[in-house]
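Think of it as A, B, C and D in the order they're written, each chain with its own count starting at 1.
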């Protein structure tokens, strides 16, 4: 079955207008900052202006004396009142150095922007007045902001008591003992030595992130029932357990609510952060509601920074371009590493694990070292950890193709995993699909042959156009097999479906979406299953008091795991409803003899025999008399979905650019993505995910960069300096999913999507620029990709030619 | 971090120039916006300086120290201060004196760093301001040491006797 | 982030009332707020904490574009949007529309004013170098009612510094008279479209019927020491024929040399010279075309 | 430090005592509880989420004090739909999936509503340039541009209808 074909009357596969949009276009959304509780106090953090310094003294007298100020707290005040991190529930099952930390700095500050004190006042304006009055005396310490310098002998040590700044290191291949690893490395050496061609390069990806438009926030109340916390979060259930541990409150006394509407997250709202801990603690201490609303400056200084990796890559190939061996010595810059769940290093760990992407590379030697520096910790960002790895390998493959004088598209295709399922050298399971088909669809869409002819003509006219390709085998949900080790959490998707006596359906999801359109997608699935209208389906998310336990809206799990749990819950309820119908009609049969369509439940063989969906629901819920023997009343069903294998989603990207070699300024002429999303639930929503993901990738590649100076001062804490692509800088992204195939591991055949989309972007764009400038022979192996960089490389090349 | 270099010819003897460079009261008069300098010990002073850039004012309180003192040839003057919400700043000037026929040739290399809000916001302002302040400092210095100064006070359009490069 | 407490807010209805407030009525730490698109950033970040604000929005007389015997007169409170969309502005001053039409974004252009931009004189601003390149004369008035005219060149000092004294109000920007066959253009480059300029240039050319430049003015902004005219480039453009790319490039190279650019987050200093040549060519070409009436704004 | 102001918001007059330093966006959100106008940056005024109409013209309400709006008229996103009927532009946004998280949407709608009045048949480049003051982090702008294009066509058709 072609994944995109749908039958008339089907809801799955239809571009249904989103249920969310009426409220969101009329200003009726309920975002975090819109929730107000009378009497709320406002918390403002005082953040370090130093990158690395001992705290000599903190004078809070003037701040306390200001009218309207209720409390001022410092690290010294709270360290004895609450537990610090790490706490088991938010620590991965990996051996690593986990730094101890509290919500406020204790003894010393480790990055520019670290919270040092907090002021709680009657309003935000006054709290900010008071924050300016907190006097902190620092004794500056030597600063380390470079990851390689941080790992070198004699570097300033970020965390007191550590012998080095190495937080995490891993060798993914070779068996796990020093001897076996050495033997394996020798094997790779030999393969590289025997290869017809070897590419050795260093690839550097800068620090940038996803920066949702809505910053973070937390608000807490404390009463006899315990703590209720509203947090901008992707994982309320995990936050609840973590808060219970840190604040030493029984978990049944903690309720976490992620607001129904969240202004984007893209990974940034997935960690367990220090700020909400303090908000909850202060609500308990003061016995009043306390709220913190993050400023953009705080956001850019302390979260939302990712990527920041170096990959030292060697690939060897035979004369046809088939890769025979790969080595990568990767390094990541993890800042202070202080953040629950991910601790910053989980992203680069994962990035290296998925380095081989969708390529069949038989022999690999992959290692990573993660350094602590005087910067903000890495926080997850869409294309989790993989953005840099994707850039490195897909750039290396282009260099390989150039060396062999084969079209990079051909080399790429030749190395794609041909037979699925497949497990990579690092143990990543590729489940199903046809990668070559999806890739071929892309080369057809861009008319590669035609393009090459046009390129030759253009060059003759002095115009420099180029095309670049890349691929991404991205997360489609994350299974427990992966998530338990990586984040110490289960991977299942969870949903409760309730058919009420009026025939309306309520869905309860423990995750916390942030704009992905779950209300609509889940409603489409429910409507499809029950044969009702999506308008009759409502969704409740993100409240630990009312929803089933789930790990959170992460890793493209909405379209893979959660939706599957919803479908399975519907199917269980359908079976029950069908059984009752057969029983009431006194017809012999099995549930599959019964159809659900157009608001009716009826015998497929005799459509006149049946009942309205609502009437049948009412009969089961409100009049549970004479039910089939042994059947329980009610129509609530909770399902936990876990696919039998880990799943991926494959996509291939192409960028076409024109470059002005005099200035290095380039223009994107086309950007085309061919993806396999399996069965597509809502095509327009899917297209939106692709457009947004690609533009985030382009913006990261071209514009965004977190810059620290040599003293660790963060220079990009405003949107004036941290540049995000605007509409005029972007073009219409072309999204295609016709070459996809239904996923055999999910009830609907759907695959998760969205998370990994930025991943292939930097390589596709950079490859295109280098292709356009092929006559000049420059290599861009470092991001960001800016006109200045391109010009500089062209100058250097010209100079070296003399 | 930025570097500003300059050379200045002063019609006064090297000893006179050196003495002025070591006199807190004189330094206070030369440092633009300096409200006070108090000696705390040998080569160690506490200073309050108001830096004014157009309508933006920041008051820095901090330390001024002298290092690598080689009378009457050279020293390094290091200042660092906290400007409250505006951030913090640190600057150091390596000053060298060489006698010539006309008096003394003073060369300086100023390096400065700012942190906190200034570093985030003032990125493009600081370079020009630091140059201006360095220029003003040495222009005043020259003016003070040469009562009938041939060195005119700094003109607004950069036609200053200080050659800042 | 929020402003520090502001004790007084004044909204004078006339220039006289405003200057009286400036000369003491509003206290020592009073600031004028025009469109506020830069000032509010500084106030919210608390780099500036005014005790009093004098809001000029009600002084209707300051919001106008009209012509007098010398040329064009633009009230200081005229918004960028009004300037950018005014079809009467002649080719000689079209650079003004280029600049005003690309400051920030639509919202900023609706609120921000030409007078505010000149008095703020931020390094990365569009209007100061444009007024410099067009040899604008600025009209100021103090509480005593004394009016004085100052050339943009004298008015615009280093970053955030101007020649306006604290009791003066900028009333209007005067442009002209312009010789016949004069055309001007403004161009800028930033990392993203319409961002604060990393380099910018305003070019004004008086061109003969033979398409040869008689007089040229070139002004650059985005320099750490504030906007400046570049005489070397102006000299080099004189006598240059329209379309003589080599000669134009030579003039722009002279401009780049004189610019004394510093590296920043967006471009290194040598690259800024390359950018200047790129946008400069465009500005010169458009100015030539406008001078000979070939293109509009 | 406080001042009595009168601001007409979405046609309704509000008289309030406010601090001089209160930002217009906080007046709208916290004083009169219209929370459809959002805040996405600190002080730089770059994101555009807070865009409202000041006497019919889009401005950023985070770069204004409430006292500056005294005596003037503000329209917020809550004022676009009339009697529960979405405006043509709002409707077009919902049909084109021109929003995901929706946080930037209010500001974009306010900007684009007036843009289409001032430029009734814009080119795609003009639409894109008109959006420079509004950052969207989710959609990649593709569907936003399409929605504005469609709204322009529908508005033109409506005007034609009225003219007939």
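Here is the rule we use: a residue touches a chain if its C-beta (ideal position, glycine included) is under 8 Å from a C-beta of that chain, and two chains touch if they have at least 3 such contacts.
All figures in this text were calculated on a predicted structure; none of them were measured in a lab.
Taking each chain's centre as the mean of its CA atoms, A is the chain most distant from subunit C.
Centroids of subunit A and subunit C (each the mean of its C-alpha atoms) stand 44 Å apart.
Remark: subunit B and subunit C have CA centroids separated by 32 Å (rounded to whole angstrom). One inter-chain figure worth recording: subunit A and subunit D are separated by 30 Å, centre to centre, where each centre is the mean of the chain's CA atoms.
Counting partners per residue, subunit B has 85, 117, 121, 123 as the residues that reach two or more other chains. Annotation for subunit A: residues 125, 132, 295, 297, 715-716, 718, 720-721, 724, 726, 728 touch two or more other chains.
In subunit C, 1-5, 45-46, 193-194, 265 are the positions where the chain touches two or more neighbouring chains simultaneously. In terms of which chains touch, the assembly is arranged in some other way, matching none of the line, ring, star or all-to-all patterns.
Chain pairs that touch, as defined above: A-B, A-C, A-D, B-C, C-D. Within the complex, the subunit D residues that touch subunit C are 1, 3, 19-21, 23, 26, 42-45, 48, 51, 54, 57-60, 62-65, 67-68, 70, 111, 115, 129-130, 132-134. Every residue of subunit A that touches subunit D in the complex is listed here, in rising order: 15, 17-18, 20-22, 24-29, 31, 33-34, 36, 125, 210-215, 261-264, 266, 295-298, 514-517, 684-685, 687-688, 690-696, 718-720, 724, 726-728, 730, 732-733.
The touching residues of subunit B, when paired with subunit C in their complex, are 2, 53-56, 58, 85-86, 117, 121, 123-125, 127-129, 131-132, 156-158. Note for the complex: subunit A touches subunit C at residues 124-125, 128-129, 132, 295, 297, 662-663, 665, 703, 705, 707, 715-716, 720-721, 723-726, 728-729, 786-788, 791-792. Looking at the complex, you find that subunit B touches subunit A at residues 1, 84-85, 87-88, 113-117, 119-121, 123.
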